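Labels A, B, C and D are assigned to the chains in the order they are written; within every chain, residues are numbered from 1.
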Amino acid sequence: MNDDPIRIIITGGTFDKKYDEIKGVMTFRDSNLPEIIKKARIFTPVEFELIDLIDSLEMTDEHRALIREACERSPEKRIVITHGTDRMAETARFLGPLGINKTIIITGAMIPYQVYGSDAPFNFGGAFMAARLMQAGVYIAMNGRVFPWQDVRKDYEKGIFRPIDE
Amino acid sequence: MNDDPIRIIITGGTFDKKYDEIKGVMTFRDSNLPEIIKKARIFTPVEFELIDLIDSLEMTDEHRALIREACERSPEKRIVITHGTDRMAETARFLGPLGINKTIIITGAMIPYQVYGSDAPFNFGGAFMAARLMQAGVYIAMNGRVFPWQDVRKDYEKGIFRPIDE
Amino acid sequence: MNDDPIRIIITGGTFDKKYDEIKGVMTFRDSNLPEIIKKARIFTPVEFELIDLIDSLEMTDEHRALIREACERSPEKRIVITHGTDRMAETARFLGPLGINKTIIITGAMIPYQVYGSDAPFNFGGAFMAARLMQAGVYIAMNGRVFPWQDVRKDYEKGIFRPIDE
Amino acid sequence: MNDDPIRIIITGGTFDKKYDEIKGVMTFRDSNLPEIIKKARIFTPVEFELIDLIDSLEMTDEHRALIREACERSPEKRIVITHGTDRMAETARFLGPLGINKTIIITGAMIPYQVYGSDAPFNFGGAFMAARLMQAGVYIAMNGRVFPWQDVRKDYEKGIFRPIDE
């Protein structure tokens, strides 16, 4: 388990937003994941797969179908998906009932990786570890916790994830 | 398990080294952990305990006795210890045989938190998650893996942790 | 000249934008200037004055009247104004003809201070030095150059400042 | 003057120190200057010249002879030298009496560029602007001031530069 290969499916979100200095807004160019993996000195096998780099507010069921396919055909049994936080819980509820026999951990960030003090590396570290340790199923790993897909929501006011009734 | 309180025992190491601009070297002043916890938006209970801020090359068995005591009297059953990487495996082998009935995860960093591209938040994110998910025992969480105390060494050439025979 | 007190008039712009993790956009909270001054170890007298923290696209002649007043009543003869880049040249052309007998240097940034690799400290360092060295007049200091107010424009395509005919 | 080409002579110092994660110390690999120039969007001509990447405590008169030569044969009349702070004043006093008919500005940093909150970009921005604006001579630009070579010292306690009698 400890050196199982892990697939990382990249879908964008704040995690991978970069500052576009010409337009003056946060936008997407390419993913920070390869750099994070390198800096974290992960030497066990990691496969990257880029679905799209979009804000999760723009995520449609067509995008989710692509994520589903990517999960289903992944030869690796352990998967981390980076995703925007605004629709992360929806994607978890889309994937969860499919019964894919793999460990699928969805994570993201509230602050872009390129901004000082970003939560991206912390969340990704937690998601990567959860992908190692959890049994098959669909989960969200955020804020130092891991939630099953059936019982997770974003608390938009506090900017955190928590169980539905908490 | 998902909202168990977690104790963080801080012992220094590269993780918490800061640049001393007067002396021109990396040294210790205070821990970056409270900031990391805040940035990661961890809202479940976290207790900090500062044993010492030292380079792990200077760590003696007296320091390790303090760490042991801190683990034993911790009311929290889940513990993360931040530690220098050079003697991390020794501390794991010191604590492991004691049979403390808690989940104890030791982690650290190769690049100080204050240096751009530090592995500290990634490793800490992984250790924090391992503290949630692992059963009682002493482990090292580094480089996206978690190692039992009996089978871990630092590969000084590559700057990573791995099993003894790998 | 070398230890003349310098007044810093803060008006916002990309220089002082911060990432709002709840809204997911760059916005304003408070200025980074005090931290920059502290990190730069400036021990000569510096006075801060906060006019407003706005995007320069929203800057009206009413805001410019406030900037004018701030310049006129400044007891310091050397002034740096931080400003959004999109309307910086307009503000220079507003202030220039007034004939205020002080050295007024306007500067800003294309990348927010909090984003890794920001040009804010470089530009501010150049503007601060220009405020020390230039004679009375209104100038823009950006990209390692200093421009008189009559002959400066933003090249929106390249994201730099240059003379009108260059 | 405003678009004169500028030569940058790189000699190391804290400015260009990088964290060596294997050895756990700050050391030298390559210069950050090209990245700083790029991020600052400097489009006027800049020439780099790497003399050496050393701590200024190790700087000998042989190194200084190389710096002298580099200044003398520089086709550009405006030069910025990056240098360790500990022996910066000595190098200024070495170069000053030579009467080289160029504007030579020496600068450096107390905190490495790669450490969050570094003073390197601010100091370099000030030095670059001083190289544009000062007449021929040898100067140190640090902490938002510019000092003639005859009257500058490092205040080791405060970590700043100041006139000899201040």
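Note that in this section a contact is a pair of C-beta atoms (placed from the backbone, for glycine too) under 8 Å apart; a residue touches a chain by one contact, two chains touch by 3 or more.
In this text the structure is predicted, and so the values were computed from the model without any measurement.
Least-squares overlay of CA atoms from chain B onto chain D yields a rotation of 180° to the nearest 5.
Using the mean of the Cα atoms as each chain's centre, the chain most removed from chain B is C.
Per-chain Cα centroids separate chain B from chain D by 39 Å. With centres defined as mean CA coordinates, chain D is found 25 Å away from chain C.
The centroid of the Cα atoms in chain A and the matching centroid in chain D are 44 Å apart. Counting only residues that touch two or more partner chains, chain B has 110-111, 116-117, 159. Contacts from chain D toward chain C in the complex involve residues 2-3, 6, 35-36, 39-44, 110-111, 117-119, 121-130, 132-134, 141, 143-147, 158-160, 162-163. Of all the residues in chain C, the ones that touch chain A in their complex are 14, 19, 21-22, 24-26, 55, 86, 110-112, 114-117, 156-157, 159.
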